[in-house]
Amino acid sequence: MEPTTRDEACFEAGIKFGALYHQFAGTPVSPDSAASLETAIEESIENQPSCESVEVDILTDKLAAEIDHGYTELTGKFMAVEIVVEHEGTEVVTRMAMEDGYPLMKIESVGDE
Amino acid sequence: MEPTTRDEACFEAGIKFGALYHQFAGTPVSPDSAASLETAIEESIENQPSCESVEVDILTDKLAAEIDHGYTELTGKFMAVEIVVEHEGTEVVTRMAMEDGYPLMKIESVGDE
Amino acid sequence: MEPTTRDEACFEAGIKFGALYHQFAGTPVSPDSAASLETAIEESIENQPSCESVEVDILTDKLAAEIDHGYTELTGKFMAVEIVVEHEGTEVVTRMAMEDGYPLMKIESVGDE
Amino acid sequence: MEPTTRDEACFEAGIKFGALYHQFAGTPVSPDSAASLETAIEESIENQPSCESVEVDILTDKLAAEIDHGYTELTGKFMAVEIVVEHEGTEVVTRMAMEDGYPLMKIESVGDE
């Protein structure tokens, strides 16, 4: 059947997550450069349609503990992300965090604004 | 409120689209190398959870018409994509095509399998 | 024959350029988000071995002139980049700018520091 | 001082390596999809100027040993790569392999064809 506004809102939220992850995974990152990368990821993805807010937290302690040549490549295990999408009156709150060794992306809540 | 299975299915479909686009946009491509890239994109994204099928059509005629140094970078205007997600009994059919100069990703249908 | 230190310095400079371009091409960008992206690209690539400095200039006037949905995807035509590599006493200065419709990467100078 | 043809050949070889790595790192990959990804990477990078040949070997045994959800993201530890560049009569043979836990890219030989 035809998609509802709510379906579209959830779809849009997924697009932002897939985009964020696959655009920036692999970026060289160190504890010192983490802050500028967080800001750039947030402002970049917030450009996309229906994207209310993006919050990226690069886990610098974990980064510092695991690197020994000064930097590494960004992957899901070094990030916590929250993305809020607002599409025609429906708000979707989504989150990515590590679960069982994998970066799991999931919907926290869907509802009217 | 809590997400439903249907919400999650739409979210998963969005993730695949965002991933596909931002992983492969920018790849050097020519009419001769388009076929192997189509196959690799399809098989790569089909690895992701709940992904039933991915069909990528790189528009080689359009590619041939626009390049003059033998190759260009893959972007949305050179691709048509269909992705089908199946998540706990809900099937979501999604499509990307050019609309108004932009690669528009949208849900075609959502329903029970 | 075996590579010289100078060969390696030029090779390292090329790696940085290829990395920069293919990591960040496709990133959603607007005139408002260009500054944070410039900083993140610079600090990210400067993490790599032998990388003395990276200067990225996103051409916001050009960006503003070409976009009509608020943002676009970063490609070579919206960037000017200078990368300086220093490898075991040899300095290589490299630059990317548009030439003949293509983002051309080239060596400006190679020499002792 | 001005770059020589040999400098440029080494620079071009580096560009191909940086491009290959940062375009395809992060791609979802499994033992079953590795072959199509190898071919696509090779044909894609061979489009670039002066690129004679690209050989990518995705280490499927290593992949199979390390994944437990059916797939993982491509990174340097799952790849061996050889790239040959030919620029105005100078041939550069380059290779990437793991060394000391890092994917090390290096020049094997530089010379007249």
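Order of writing sets the labels: A, B, C and D. Residues in every chain begin at 1.
Simple rule for what comes next: contacts are C-beta pairs under 8 Å (C-beta built on N, C-alpha and C of every residue); 3 or more make two chains touch, one makes a residue touch a chain.
Note that the structure is a prediction, hence the values are computed from the model and not measured.
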Study note, to complete from the structure: Between A-D and C-D, more contacting C-beta pairs sit at C-D
Point to revise | Chain pair repeating A-C, as identified from B-C, A-B or B-D when over half of the contact pairs by residue number coincide | key: B-D
Point to revise | Averaged-CA centre spacing for the pair chain D and chain A, given as whole angstrom | key: 28
**Study point:** Inter-chain centre distance, chain C versus chain D - centres from mean C-alpha coordinates, in Å
**Key:** 20
Practice item. Spell out, as numbers or ranges, the residues of chain C touching 2 or more other chains. Key: 19, 21-23, 26, 69
Practice item. Within their complex, state which residues of chain C touch chain B. Key: 21-22, 25-26, 68-69, 73, 75, 101-102
Review point. Residues of chain B touching chain A in their complex?
Key: 1-4, 6-8, 10-23, 92, 94, 105-111
Review point. Can you list the residues on chain B that touch chain D in the complex?
Key: 19, 23, 26-30, 32-33, 36-37, 39-41, 43-49, 69-71
